[in-house]
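One structure coming up, written as structure tokens, with questions to follow.
So that you can tell them apart, the chains are marked A, B and C in the order they are listed, and the count of residues begins at 1 in each.
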Amino acid sequence: MPTAWARIGRSWKPFRICKGKAAVTGLDRAASLPDGRAGRPKPIGLSAVFRHLARRPVVALSWVIVLAVMLVSLLAPWLAPFDPTDQATTDRMLPMGSDAFAMGTDQFGRDQLSRLLWGGRPLIVISLVSVAIAIAAGFVIGLCAGYLRGWIDMVLMRVMDVILSFPLILFAIVIVAALGPNLINVIIAIALSQIPVFARLVRALTVGETAKEYVLAGKAVGFSTPRIMLSEIAPNLVGPVIVQGTSVIAVAALYSAALSYLGLGIQPPEPDWGYMVKEGQQLLFFAPSLALVPGICIAVFVTAWNFIGDDLRDLFAAGGETMP
Amino acid sequence: MIMNRMRSPSTKTGGRVPVSRRQVLASGAAGLGAATLGLPRLASAQDNTLVFAVNSITGNFEPTVWNGFGDTVITMDSLGRGLTHVTFQSTDVQGAVAESWDVSEDGRVYTFSIRPGMTFHDGTDVTAQDVFRTFNRILDPEDPTRPAGTGAIDNLGGDNLQEIELVDDMTFRFILRDPDAAFAARLSRPDMVIISGAALDEYGSDIGPNLVSCGPYRLVDATPGERAVVEAFDDFYLGRPSVDRIVFQVLPDPLALTSALVGGTVSMSNFVPHSNLEQLASSGRVTVHEPQAYISLFLTMNATAGPLSDMRVRQAINYAVDRDAVINEAFFGYAYQPAYMCTAAQMGYDPAQEAYSTRDLDRARQLIQEAGAEGATIMMHSQNQLFWPSLGQVVQRNLEDIGLNIDTQYVESGSFFGIMFDKTQHELGLWQRSAFMPDPDGKFSPLFFSGTLSAEDTTAHTGLPTQPELERRILEALQAQDPEVRNQLYIDLNRFLAEEVMVHAMLANIYTPVASQNDLSGVNADGMGTYRTFLETVSYL
Amino acid sequence: MTSELIRRLAVLPLLLWAVVTLVFVLLRILPGDAATMLTAQVASQEVRDRIVIELGLDQSLWQQYLIYLGDLLRLDAGVSYISGRSVTSLIYTTLPVTIELAVAAALIMAALGLTSGMLAAAFRGSWIDVSVRFVATVLFSVPWFWLGIVLILVFSVQLGWLPSFGRLPPSVLYDPVTNFVLIDAIILGQPQLIWPWLQHLILPALTVGLTTAGFVTRITRVSFLEVMVEDFVRTARMKGMSGSRVFWRHICRNAALPIVTIVGLMFGAMLGGSVIAEVVFAYPGIGRMMVDAIFQRDYSVVQGAALVIACLYILVNLATDLSYALIDPRLRTA
């Protein structure tokens, strides 16, 4: 049986890049035509999307999971059998599978199923909103730095470096500890820590785009700077930024859970998966499901996002030409 | 001790979470059982070492500066002894470094005779000179060995202590401005341990990492954030302790602590979370002690804040709290029904006063109506670790039952103290008062007197018309000499506070749960229940 | 390349200064300070006022800042008001612990990531490839603290194989010289330290290593696949080189660049980012010390730790960038 590396060495044949199969490269490239003009991504029909997903069951399942989690969280007030903060003290510490309480209850008698249904909300809100803010701010910063160059570039990028020169989880901890633990501050902390990620990406892409012909053409024609930046360059960056955004959403979700675990996130009695793991730790011997299940929920959600992100990355890397 | 252990029958047994054998086994205790069966005698038992789990060690054993429970109390109680000593199994004040003492007629002059033949860990003799240097450094701002950041003088009565006097080599005297019946008990506090003068000469004000005192164990090593190691002192005045070596191990994570206790890698702890006690007890390897409670747990009410400035609202809040729920849900049954500020183990306790801390929803709602505070929004602050979040959720629910909107914030301790000592930033607060000395004054003077941080900034009640009478009563109880008289005065003081002032709603009388391996005997759980950790009586069977 | 190196090193003090200032300001926003912590157990206002003065907290923010900077330039990072130890000695004790953890975790991450990535590349398209990618993605989607709890539950509680806290068992006497257990065991001639140290190191290192291995798997796989289709590989095969030789000589060197980037970035991140693992396992590293110090308002410790972590992080990134030149001669500019 040939060793793995020998096998790698031998398989020099280029792989068939057939329609729909993800390209080998993993590098992000903006959708642009071969001669350097800006290209708009091809309009995608709904049937094309379905065909794409049909070949990738894992990605399809991920989309289903993510949408289901979001839907359930949105509809939690109607789906949950009980009020998640209702402390019915006569039914405390019931194990999973009890009559009215499918997932058991905790030490206050709160129904775990209801808390799980509601508990995804802070996670989703925090990860989506903080990444949206980070993208918006990072986009602006990166665009200005990459196009305008000069001292603006230097100043902005050095500020980004300061933030990046620090492990981001510690950065988030310090900010939340300083501002106080609530939803808004967690969003601010995570957003701030992720802005440099997007700023750097957008700047690098902008620098690349600026050298292209369509930008030179625009300058020659006399377009104003903001117009060039916004209507010519920006649309080409949307793809890679979205791809990056999906993996950052996953990271933001994990950070939000970690902050909750440290007691720096959502405050009880609001249900929140990260905090439920922390609370459940106390009762790990009585009822391991109290700590384990919310953790599984977080893991499933984040995993699904990561698969989606991978798929989007493959799509955009193929430059749009390989879309079915 | 038996006389003092008065408990309300309703709460203890009825409130415990029923855990059937099936549940315990199903939850994986089978795994735990497997781990405990058939294990050889603990390594630590074999070399006569005790591993005591604490939640922090900073390695700074400066007695007069607060460095957290792990250093300033738990380890200190093994390293040092003061002039007097209290076991907490009884509240009698015994002599330690002092062999005996007498009090003048007017109660203002305390003259201590130093016990002959005692030595410090460095071999030097214990004399009144060392006692002088120990107290001078906290009193005299010019003393060269004075530690930065010390507040210990307050624990001796603040400016009530006028003068200290070195009478002769073995006699020492304190001169007070006013009589203080708790004075001898104050000297048993962990921050009053006697320090070796020779060590002070060597280390000056940085004696913290190198503390030399005369306790049953001497300091060997300490690593901040990890552990402190002490070993038995041969010349301890009560005899060399049985256990050779103690390791105070930092282990803040409750899961790790519980599994370490069951697995046998930790011998003892008083930081076990209440939720795991039942399970520890049924593991068959660990004894869960239920000591007397010295710690008062309460809800502080800022008397200058919005609706709380109305006495009726404060009383309503007091009537709204369901103490049974607190004991069962936050403490899993391991706590006691409170009366008012004094616990059953202390002087000044009257079981009839449990009526002040009994839920009466109708009365509460009626008072809220009268005060027009229906639907009022009130802020509540709590710490975010240990049992505090559970407690907060119970109290919030109780208060919402009488029509109040409670907005709770759980913050880490640094922020918590900052907020609680600023009367513009908080309204309700969840807090406790432990007893490092059993005398009840420890729960009154520092909490109610004008000029104290608690009275001015936490409950902010010094502007109330009851203040002069309150202060008069506290002083009267403090200065009376006869214990029977004092007992009655403290009972009256409790009644006065509950009926006329009401800035604290008592939630429970608690203790820090003590768990120890079955092969240990002589565990002083009563002291450990209020953090006082006296380990010289412990031995392996 | 040297000019790049010099330029990056010249910027380093500026970055560190910015980090220190940022942390300084953020800490002062926190409600409560050292005096509050100390006086939590104390009664009177006058005592509190005195403590504030003694700790230098009554001076204006600007004054405190300048004094701190001045001390830093004289290499005096201050004293922890809680433990009374100098900040430098505290860092000296905790930094090696985190480095040990980061190195162990990085080794696990690299070993797992590289082998699984190469397997996936070798058997591209097969079920091996698919399952490796699946597991890799799941692993870095799992919340780190949750994985830590599960590991404790399985290995400490249920199986009783491994300890769940600390760096060494409480019964072991360790008198550190360099604070690196491996080195000290050799220097002091105490080999009996090593096995317990490893036992305590496994679970936290696994927690960090498993959750980051997925990134390395992905980048390894992608990188190898890219290189595998390059022309020069085909040429080498046509020349008659055996599979193994082609692998080691051509593919690895060319594929290494992005892999080294990721491994370097992750290692740098682990230096401070393993704080969660340090908290769950009570592992006495610098990340945990910093978090505890934040909660205790021990300003000097937080500032000192932040400075050191940032410095190391930047240096590790710098080293990663510079190692490109070693791997790829094309990147060596004059």
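The definition used in the following text is that contacts are C-beta pairs under 8 Å (C-beta built on N, C-alpha and C of every residue); 3 or more make two chains touch, one makes a residue touch a chain.
Remember, it's a predicted structure, so these values are computed and weren't measured experimentally.
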{"item": "Innermost chain by mean C-alpha position", "value": "C"}
{"item": "Which of A-B and A-C has more C-beta pairs touching across its chains", "value": "A-C"}
{"item": "Where subunit B and subunit C are represented by their mean Cα positions, the distance between them in whole Å", "value": "38"}
{"item": "Inter-chain centre distance, subunit A versus subunit B - centres from mean C-alpha coordinates, in Å", "value": "47"}
{"item": "Distance from the mean Cα position of subunit C to that of subunit A, given in whole angstrom", "value": "23"}
{"item": "Multi-chain contact sites of subunit B, meaning residues that touch two or more partners", "value": "28, 32, 255, 412, 415"}
{"item": "For subunit A, residues contacting two or more additional chains", "value": "177, 281, 284, 288"}
{"item": "Set of subunit C residues in contact with two or more other chains", "value": "30, 149, 153, 279, 294-295"}
{"item": "Subunit B residues touching subunit A - in the complex, by the definition given at the top", "value": "17, 19, 23, 26-29, 32, 254-255, 258, 273, 275-276, 278-279, 325, 328-329, 332, 384-385, 389-390, 392-394, 396-397, 408-412, 415"}
{"item": "Subunit A - residues contacting subunit C, complex", "value": "2-15, 24-26, 58, 158, 161-162, 165-170, 173-175, 177-179, 250, 254, 257-258, 261-262, 274, 277, 281, 284, 288, 291-292, 295, 298-299, 302-303, 305-307, 310"}
{"item": "Subunit A-facing residues of subunit C, complex", "value": "11, 14-15, 18-19, 22-23, 26-27, 29-30, 118-119, 121-124, 134, 137-138, 140-146, 149-150, 153, 218-219, 222, 224-226, 228-229, 233-234, 236-237, 241-248, 250-251, 268-269, 271-273, 275-276, 279, 287, 290-291, 294-295, 302, 306, 309-310, 313-314"}
{"item": "Residue numbers on subunit C that touch subunit B, as the complex places them", "value": "30-48, 51, 54-55, 80-85, 90, 93-94, 149, 152-153, 156-160, 163-167, 169-171, 173, 175, 279-282, 284, 288-289, 292, 294-297"}
{"item": "Contact footprint of subunit C on subunit B as seen in their complex", "value": "28, 31-32, 34-35, 43-44, 47, 49, 51, 56, 58-60, 62, 65-68, 148-151, 153-155, 158, 206, 208-209, 221, 223-227, 229, 247, 249-253, 255-257, 259-260, 262-263, 265-266, 412-419, 421-422, 425, 445-446, 449, 451-454, 456"}
